[in-house]
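Step one of this worksheet: look at the structure below.
Chain naming follows the written order as A, B and C, and within any one chain the residues start at number 1.
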Amino acid sequence: MQASSPIEKVWPAAEIVADLKEVRSKAPLTHVLTNIVVTNWTANVLLAAGASPAMVIAEEEVSDFASIAGGVLINVGTITSFDAKAIRAAAIAAQKAGTPWVLDPVAAGALRYRTEIATDLLNYKPTVIRGNASEILALAGASGGGKGVDSTAQSSEAVEIAKELSKRTGAVIAVSGEIDYITDGKETIAVPGGHVLMTKVTGVGCSLGALIASFLAIQKNSLQAAVSASAVFGYVGAKAAQKAQGTGSFAVSFLDELSNLSV
Amino acid sequence: MQASSPIEKVWPAAEIVADLKEVRSKAPLTHVLTNIVVTNWTANVLLAAGASPAMVIAEEEVSDFASIAGGVLINVGTITSFDAKAIRAAAIAAQKAGTPWVLDPVAAGALRYRTEIATDLLNYKPTVIRGNASEILALAGASGGGKGVDSTAQSSEAVEIAKELSKRTGAVIAVSGEIDYITDGKETIAVPGGHVLMTKVTGVGCSLGALIASFLAIQKNSLQAAVSASAVFGYVGAKAAQKAQGTGSFAVSFLDELSNLSV
Amino acid sequence: MQASSPIEKVWPAAEIVADLKEVRSKAPLTHVLTNIVVTNWTANVLLAAGASPAMVIAEEEVSDFASIAGGVLINVGTITSFDAKAIRAAAIAAQKAGTPWVLDPVAAGALRYRTEIATDLLNYKPTVIRGNASEILALAGASGGGKGVDSTAQSSEAVEIAKELSKRTGAVIAVSGEIDYITDGKETIAVPGGHVLMTKVTGVGCSLGALIASFLAIQKNSLQAAVSASAVFGYVGAKAAQKAQGTGSFAVSFLDELSNLSV
């Protein structure tokens, strides 16, 4: 059976621009439970995009907040046993309240503890799962072979597995890489673009997961929401790279370009 | 009774310049217990201003450190039950040692757990309370109506409540907004300036709370200390905005301008 | 007895360039357990240098990860009782697996709790200990007199104590300051360079500790690894300072220059 090539979508396709415009106009409250490496960067990315980030992490607060937020990100990048309780509570509350949420299974496959946590979180029906190829393969039960937080597999290698994972979990799967592949099990969209510098600044992928949560707050079609956020990142990353003098100024330009993107 | 308009103070009023000069010369040790989103930014802001920040957060260490520091910031932005013990210990030690301290009740009103913690901290007599209008209203027992960490009220709406809160708690209240209002219950100072970009970079307000703690270390008049720090921020924010290409370069320029401000 | 002046080494000495080239080519997996102020910055510094950072902090994961990593950094800058268990487990695992590891005893001497923790960690044989003069003096049992996280002693004052500490612990000691002194107890190397702006951005010293861990992964001579990482920092810091407009752009330029350094 010959698989057809996925359709490509890039900025400035009309529906992508419309989604960003909606984020800018609604400033969706986005509940972010992420790793300690990227909290500041992620907040600044969401602010630059026009969303309203809130890093609420206390077990005593996450259930209430996940219920009122427009979207939730759960990223297991530096999860500890203390965080795990709050993260589980947030996932349960999001599912119960019908708040769309994104799971980012950072380094799943490379480390057993977080792989088990990420696998357990599938029970609470994430709306989107975003990861690199190794992480998606690992979460699907295939051998991912990640090296720390970096993927050792190409995103294209994970597409078929991602489709299966989508069918099994009901989540849209977003596989980040040189080309991002996003699938709901039936339809698969390819989002090219970006730049290798995006892998030389920590947290770019993690902040994409958060931005997908913001887009889910204003776009009920989860596949479209994940595609729009990814396409914005691909465009902004490529544009920022043109102005960058190195990795430090790339990060600065990324936020500048994202905040200036006209809709 | 007709309320008189508050007096305005802006950089480079002589007493504000003198205060910054004193911070530069004394490099006051500033003990910062803040949220995980803004730790790095806050440290860099204090360093740019000439203060000496130290993020000491262990329950085993905070009492000793709050006693020897020149000023303490307690910010409940991402407080957990684990942090709460250390934060309470730091407040108690600061009060006992006579170290001036600043309370930043981030998102008070929006979330019950932290509202209760922030309210309890009032027992340990903060020297200054800094927040946006929603947070100050909530801490005063009025309905704040915040949206996550963002205010839904104007700073001017909170002035009268801030005066009452000041009289009740003995703290200077600094209400941040398009215009900052700072009051000790009797006198109220307005600090205009700043730029909307200051709300598009995470942690600008949080770092102002920390800088007030640094200024309290060298200026015994708490109202003046809070006014000086706020005026420095207003000036630097406006100047940085002139050079910014977007939110990323604004943050960079903010630190540049702050570090270069001549006294 | 007349002590001879230490030999100076600076970029671009052949062995230093060769070490950086090896880091770039091997991208050594570097396990970083550091303080919450500098996690993001440290990850970006390692990425700019060409290493592969991973901040794995859960007690359930650190032993496995320290065993497979090329090098480990343990920095006690914001250590809590919760972190202490994971940090101890990581040190034990690194020693057992033969993974080289760096101890950064931030603010040792100024605070008893962390001084005891850092002293206990000496039992697990750090490969390199990096600190400012006050921290090294304190760890050696001498009176360091640090002020918060800043040194009140010159690096040159700590050289003789550092040699003794090296002989006693078996670790290479890297004393950071205006000139860095690095010793294995027998040989002592001076690394001049750098710029005072490196003390005005938080985490520069902390990230040097992490970079030494990356260099240890590819250079078995621990003295040489610490010298190479320090010399890279000295060169990059001085070059970045030429382009900086203040502390904000200095940090950006530091990452740019580090990422662009040709080997």
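We adopt the following convention: contacts are C-beta pairs under 8 Å (C-beta built on N, C-alpha and C of every residue); 3 or more make two chains touch, one makes a residue touch a chain.
Chain-to-protein mapping (UniProt): A, B, C = Hydroxyethylthiazole kinase.
Remember, it's a predicted structure, so these values are computed and weren't measured experimentally.
Within the contact network of the assembly, the step distance from chain A (Hydroxyethylthiazole kinase) to chain C (Hydroxyethylthiazole kinase) comes to 1. Mostly differing positions are employed by chain B (Hydroxyethylthiazole kinase) and chain C (Hydroxyethylthiazole kinase) in their mutual contact, as under half of the interface residue numbers are shared between these two copies. Copies chain A (Hydroxyethylthiazole kinase) and chain B (Hydroxyethylthiazole kinase) of the same sequence differ in orientation by 120 degrees, per CA superposition (steps of 5).
With centres set at the average Cα position, the gap from chain B (Hydroxyethylthiazole kinase) to chain C (Hydroxyethylthiazole kinase) is 33 Å. Residue positions of chain A (Hydroxyethylthiazole kinase) with contacts to 2 or more other chains are 36, 39-40, 82, 251-252. Those residues of chain C (Hydroxyethylthiazole kinase) lying in contact with chain A (Hydroxyethylthiazole kinase) across their complex are 29, 36, 39-40, 43-44, 47-48, 52-61, 64-65, 69, 82, 86, 251-260.
Here chain C (Hydroxyethylthiazole kinase) touches chain B (Hydroxyethylthiazole kinase) in the complex through residues 35-41, 77-82, 107, 111-114, 147-150, 200-203, 244-249, 251-252, going by the rule given at the top.
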